[in-house]
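Dropping the structures in below, format is structure tokens.
Next, two complexes with chain A in common: one pairs it with chain B, the other with chain C.
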Partner chain A sequence: MNSQHLLARDTISKGIVWLLAVPALLIPTIVLCYIFWQAAPVLDWGFIVGTTDGAGFGVSDGIFAQLLGSLLLAVMACAIAAPFALGTALYYRTYASPRQQRLLTAMFNMLQGIPPIVFGLCGLVVLVNLFAWGVSLISGAVVLAMVVLPLLVLNTLATLERIPHGYTEAGMALGLGNGAIIGRLWLPRSWLNLLTGVLLAMARALSETAPIMFTATVFSGVVWPDSLFSPVTTLQTHIFYLAQESNDPQVISIAWGSAAVLVLLVASLGVLARLLYKLGED
Partner chain B sequence: MVADLTQADCLRVPAQSLEKPSSNMEVTALQVEQLGLQLDGKVILQDVSFSLPTSGVTSVIGPSGAGKSSLLRCLNGLLTQWSGTVLVDGADSRQWRGGWDRLRRHVGLIAQKPVVFDASIRANVCFGIHGWRQRRRADELVEISLRQAALWDEVKDRLDAPAATLSVGQQQRLCIARAVAIKPAILLLDEPTASLDPRSKQLVEQSMQRLARDIPLLCVTHDLEQAQRLAGRTIFMCDGRVIEEGESNQLFSQPECIETREFLRWSVCDCN
Partner chain C sequence: MALKWWLSASALLSSMTILLVLGFLLQSSWPLIQQQGATFIVGTEWYPFESLYGMLPAFIGTVWSVTLALLIALPCGVAAAILCAELLPPRLRSTVRFAMELMAGVPSVVYGLLGMWLLLPLLESQLNLLTGRTLLAAGLLLALMILPTIMVLSEDAIRAVRQSQRETAKNLGIGWDATLWRVLLPQAWPGIRVATLLATGRAMGETVAVMLVVGSIDRIPEPFYNFLQPAQTLTSRIGREMAEASVGSLHWAALLFCGLMLATMAVAISLLTHRKVAAV
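== the complex of A and B ==
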């Protein structure tokens, strides 16, 4: 085979790879551009920090309450899930037998694949109705915690696995017990990467709508929850309601504006997570 | 008679019986009897028996894959699935009061590659000391340990600098200081100078000889010249077994087993 043939084959394979890769890059870019183009008419500082009086479904005011509601749910979900995720990952690494390790890995991979609406349904039956917590901040946070738990566990496991074995062994050789190994070696070394996982889990929680629709949120009448057992309003469900219920172009613009803010929020968390990860690796 | 031993004879006779025990061998810091180890169905160690005197350096030599490093990890309790008996100061290591963690404080281990923790030089030396109050008040111990590891003069003015800023040779000596700071009764070293430059190697050897005045050191090494320099005793291992052991001078000048002679001459061992 001469060099011209080789060059032609190389060009063809490059072309095929490009053809396959371009849509994957182009489509999300177009979608993002479209969201921000649609949101542009309403997207200003007043829109983000403006609050509603709770009435009128927020079709004409700012989205500050919804933004804070989303953040509150995501933060609470991660605060609930993170200790359990850390505990599970530490158990996996220190005490679990190989059989238990296989079982745990399979279980969390499977849990990650369960549609979030199923968690929402469980939350509705158990938390809202059985425990009588009602549609509330705490019900939504617990359901979201269940949704992000597998992600947090798998991320924590990956973080702990990146600690070199020799590092742990050097601690063991000094007679350090499991508690000291965890507290004085593993956590100080990997806390930045663990925090990265928490931020990614927050981004995931912010992206979820279905599980909180019938466990935590209402569309109108709420600005800020009075207690853990009060309902909350969020960006996700706000977009859902505005897009579904209104034909008014102004209202649709608010929905686009809310979507743009949500995208920015999730993207910021992703970027922050990436920065922390890089910092942790250095 | 010993010189007439064939290869098969050498392997059949327990290593300890190949020579008369010297007077300082009667009191032992560590006694290993018929130690065996299998990992994933593969035999790593079999019928390993030897003892360590209460001070001095004992070198373990042998080809790669002879089970030398695994032996150290069994003695230190990092590997626990072995069979046989290990007596540390006359007590069974499996029944050690306080368990394996406590045993590891008594039988220190320094790995081939230096591993320093993400902390200052001072914090690294104190790392194994129990209790944060004790660690904060350990200035004297830090100096003693660093002096024993022949590192004090190089770091005394920058004890709060990150340990990672030290050279590899200095890091290895820091690991020695860290192990010494918890006052082990026995110190195991797994090729401690394998990746060091000649100057660092010399300093580590000096440090080892200084330590060996007070405690027994069991040092795995591929460097036959180093084993001779360190003097003391030498154990030759091949294929998971102890082939021969004795005073270093004697073993290097007049090896009794054909496997030892082959290894010392050509660095190969065919003991199957």
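== the complex of A and C ==
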């Protein structure tokens, strides 16, 4: 094979890679720009802080109530899941036998693969009907907590793995018990990275629609839920209902506006998590 | 003591979650299995009002939409990963990668909105269809959704191949083309495989976006490879009908059985992923 032949083959291969890769990189970018282009006419401060009374099918005013509901659900879901995730990860590192460790890893890998709507179904059967919590904030929060649990556990485990063994061994040599090792060594060293995990879990909880559709949300009429057992409105389901039910271009532009706000919210959580992670590395 | 109690309790409870989920789904769909045997699983007709709960149309819809998505997203995603890892200058690479990571986090309902108000009109006008709500629309939308995941994870796998391997290949004078096919891709393959399986799982379980574009008509495409027809997937069926089914009815049990099927398929995929990772 002469070198000219080789060069030609290289060029062809590179050409094919470029040909396939450019649409793969360009189309998502175009799509993202399209969302913001469509959302631009409605995006202003009044849109974000205004509330709608529900009478005009979301046409009239802002999305404050939806934004609030989404955030409330995400924060509650993380608040429920975080203690369990931390406890599980610490158990894995301290008390678990190798067999239990393998079992736990397998369980969480499986749990992570379960489609979110399946958790929604379980929530509907168990929380909404069996426990009679109804379509409510608490049902949705528990369902979302199940969705983000594997993410949080695996993230916490990865964080704990990164603590140098020397630290832990030095602690053990000094005769510290598990409690002191966790409280004095592990947590002070890695709390920033743990917080990163919580932020990522919040971003994930904010982007789920299917699991809360039957368990937590109504279309409109709620600004601030009265209790844990009253339903909420969320940005995710708001977009869904508007997209599905309406043909009015103005309503659709509100859906685009809500979508842009949601994307910005999730992306800024992602960026914040990245910054915190960098901070925790140093 | 309190510490040990907290740790053990949370480990026990959170690892039981998956068993509880599967158990409750099985328990609630049991009435249907009891009444109709297992034959409804391969039944081709889904008419809740006549107590016909054939699972096959939605199952085929799910398989089809996921296959279409993978056929599009896998070559493009891996090519983008190769481009990013091997051909782009480092600064551009990290920008592109960060953008892709952000894209991977875009909520599915936003893709649903895009599908409904950008993709469907496009398909209708370009392919001259009566309705854009087809398996093709679902496949395209899913491809867009899983592309960033495939790209990001494949890039990790390709970059994990040691630099000395590339240098050796260069010294042997085997050219970029052969390096790619004989050195990089074979070594990155386990990672790309895992990326593909994860993406498959995500595409299979995607609900709201698919539900808005797939058409939700319970029939097997005629002929079976015709992806320009409206169809139904397991997830879109649950999403469409769950609110209408009355609690405890056969219809309710049948929808929960759809959920059980999804969960079982997901567990199978994750076992496949997990075993391969452990073996590598």
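Basically, the second predicted complex is superposed on the first by the 254 of 282 C-alpha atoms of A that agree within 3 Å, B and C clash if a C-alpha of one lies under 4 Å from a C-alpha of the other, contacts with A are read in each partner's own complex, and residues count from 1 in each chain.
Rule of thumb we're sticking to: contacts are C-beta pairs under 8 Å (C-beta built on N, C-alpha and C of every residue); 3 or more make two chains touch, one makes a residue touch a chain.
Bear in mind that the values here come from a model prediction, so they are computed numbers and not experimental data.
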Message: One more residue to check, A:169. First (chain B), second (chain C), both or neither?
response: first
Field: First (chain B), second (chain C), both or neither touched by A:188
entry: first
Message: Quick check for you: in the superposed arrangement, does A:48 touch first (chain B), second (chain C), both or neither?
response: neither
Task: Could you look at A:84 and tell me whether it touches chain B, chain C, both or neither (first, second, both, neither)?
output: second
Task: Name the chain, either chain B or chain C, that contacts more residues of chain A.
output: C
Field: First (chain B), second (chain C), both or neither touched by A:272
entry: neither
Message: Let me test your reading of the model: by the given contact rule, A:264 touches which partner, first (chain B), second (chain C), both or neither?
response: neither
- prompt: Does the superposition put A:71 against chain B (first), chain C (second), both, or neither?
  reply: neither
Query: Residue overlap on chain A between the chain B contact set and the chain C contact set?
result: none
Query: Touching chain A in the complex: which residues of chain C?
result: 3-4, 6-11, 13-15, 17-18, 20-21, 24-25, 28, 75-77, 79-80, 82-84, 87, 96, 99-103, 105-110, 112-114, 116-118, 144, 147-148, 151, 175-178, 180, 198, 201, 204-208, 212, 235, 238-239, 242-243, 247, 255-256, 259, 262-263, 266-267, 269-271, 273-274
- request: Flag every residue of chain A that touches chain C in the complex, lowest number first.
  value: 6-7, 9-10, 12-14, 16-21, 23-25, 27-29, 31-32, 34-35, 83-88, 90-92, 94-96, 103-119, 121-122, 124-126, 129, 146, 149, 153, 178-179, 182, 203-204, 206-210, 213-214, 236-237, 239-240, 243-244, 252, 255-256, 259, 262-263, 266-267, 270
Statement: As the complex stands, chain A meets chain B at residues 164, 166-167, 169-177, 184-185, 188-189
Chain A-touching residues of chain B, taken from the complex the two chains share: 76, 78, 101-105, 108-111, 113, 115, 117-118, 127-128, 175, 178-179, 182
